[in-house]
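Read the structure below first, then the notes.
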């Protein structure tokens, strides 16, 4: 039997509507659930006081500080590498086997699961280089993970600067580096910053790669050196969540809600900034 | 006196195609040389070789010689950035950088290391006066160059180029998108400027060449067909192709 | 010119960072993991079903974990691919413009939600539901598949929508002009034309599912066994590494690296296939 095409079309349209609603409901449902359960406990007192009783009581101030240090470290390492790579690819070379190798490397790096980064960071930074479980080891590992994101977004941003600006700069007697530094980079800056912000969002949600490199020590004060071990918010939440102790659940929810909210804010601002930036040149 | 720009048997190939063939042309000091010819005749390529902006096309190669003030611009030791300051260029489409009027003009001097505010102020005023824009923008030097009208933007680009203190001014169809009043202002500026420097004016507009240039060269399909005093060339062209072009039979 | 070359060389040095990192990571994982595989025997390691790392002598067989990763990933694809592709087709072909403009970025933003949050939701809501209504311990292949199936949605949807949108409009117009309905056009013209990109989307989603660790630990029970039903608890390759890393030493640690090597090989193969398919799709 062959169904009439019109009927099939309408039936499929209904099915597509349904699966889309399922997808949206599932994703938004999870976010809404975490926020609803956790946000009421996210008070200034929770954010600005130190954890007590292994995190079951008190706040997350020291964890927030540890997260900040680890992520700022990662960004400080990955930004020069990533932006430098993008400048090389866009301004200093033509397409060749070298650029293909560089892009292939970045693509592969982007595809490596975070647990492998964790494993590598553990042997290489923690043990071989002797950095131990520390903010430094965590930053270095996250920097490697962020590199492909920063390279890719910076490349897009540099390419979106109109070619005419480069010509003008040359015609006014600038060297290539003066052209890059004074004309192209200022033009591409918003896009580059967006990429960095996206990388920050990814790093904040990362668990497997940091748990083996920055360790699980719950700092009882603001970490004071790169060599100190510290949890990130995601790791703190994971440990609270898997303790299976109902006592810790409300702090787990509160931590999760704060983490999700922070990541959403970061991603939304990066996303809108990127769109505004790209629209500027159209 | 030797010509300021001199092409001898000068040819250009891009990706294996000959874009210019055996051009012999000397540009005299303190003249306005108009270059006319249909699209694809190689006139813009010629202009972009004088300041080596053609280098941006990686497959470009040259034969013969092209010299600026006696030195070969394609010799391996050429300091390209310095060359481009000596041969300043204004493009067909007004293209201010996305910054203020003042900063657009200060861009070139700053590259050279000029920091003194007084010196920069002086350069900005002098070049804006020379490009007949000063009176229109003197009260808003720190607003974006992109906020000006098309004709004003092009005069800003001219001022920006003059700030380099070039020996030769390369104008690549500078009035192609402009209204008659702006065009007149740019032509007025050119007449004043030729007292200090030499102007090479590439134009699609035959009438503009007739109005503004002292001598005119006609390019066709990569060949320099003829060059002569503007009056002679337009009234008694030696070559039939020139006659066909200026009388509007093709192009 | 000299300065230009110096800058070019320094930038090339920076540009080598990604490739160097990849090379160093690969070398270290292989160096730490491969010797134990060959000492122990490739066949015994890959196909052994027993994992007793602290026994005397220890037994290292990762077959159960390979089976576990396979089962959970297959389940995740069974849930995530129809829903993901369906949503992508809807968003690109049929959704009212306003709906698509809101939903696509919203779905992409949700890609940033930490996987541990998905795992937590699974633990507290999904697993009890499975235990009560379907039986078994709750933590299971099904639990892992469901959570991963949802987690890969943003990846699958976003890449698929881009693939569908890159099909030239003239293809669709040609089909409509011949009297085809919207669905016929999608099924016979648009989907085949976007095939390469859609396959790449599925493979990248698969890579994400195979590589996910913490969320999976939270919902699959982590028992080393070859799953015999969707309700059996299992352990995946990634969980195996994460669960034992903190206390492993000596040969045991090497065996975890060896598990990493297997994972690494699977992921690299998936990425290469995805890249090739996407490239071929573009060329066609």
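Chains: A, B and C, in written order; residue numbering restarts at 1 for each.
We take it that a residue touches a chain if its C-beta (ideal position, glycine included) is under 8 Å from a C-beta of that chain, and two chains touch if they have at least 3 such contacts.
In this text the structure is predicted, and so the values were computed from the model without any measurement.
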**Report entry** Partner chains that subunit A and subunit B have in common
**Finding:** none
Query raised in the report: Of all the other chains, whose mean CA position lies farthest from subunit A?
Result: B
Query raised in the report: So, what's the distance in Å between the C-alpha centres of subunit B and subunit A?
Result: 49
Query raised in the report: Quick one: subunit A and subunit C, Cα centre-to-centre, how many Å?
Result: 18
Requested in this report: Report the inter-chain centroid distance for subunit B and subunit C in whole angstrom, where each centroid is the mean of the CA atoms.
Outcome: 58
Query - Junction residues of subunit A - those touching two or more other chains - result: 175
Query raised in the report: Quick one: in the complex, what on subunit B touches subunit A?
Result: 51, 53, 56, 58, 81-82, 84-85, 88-89, 91, 93, 95, 97-98, 107-108, 111-112, 160-161, 164
Query - Residues on subunit A engaged by subunit C in the complex (per definition of touch) - result: 5-6, 8-9, 12-13, 15-17, 19-20, 22-24, 26-28, 30-31, 33-34, 80-81, 84-85, 87-89, 92-93, 98, 101-102, 104-109, 111-120, 122-124, 144, 147-148, 151, 175-177, 201-202, 204-208, 211-212, 234, 237-238, 241-242, 252, 256, 259-260, 263-264, 266-268, 271
Query raised in the report: So in the complex, which bits of subunit C are touching subunit A?
Result: 3-4, 7-8, 10-12, 14-22, 24-25, 28-29, 32, 82-84, 86-87, 89-91, 94-95, 103, 105-110, 112-121, 123, 125, 150, 153-154, 157, 180-184, 186, 204, 207, 210-214, 217-218, 238, 241-242, 245-246, 256-257, 260, 263-264, 267-268, 270-271, 275
Query raised in the report: Contact residues on subunit A for subunit B in the complex?
Result: 94, 164-175, 178, 182-183, 187
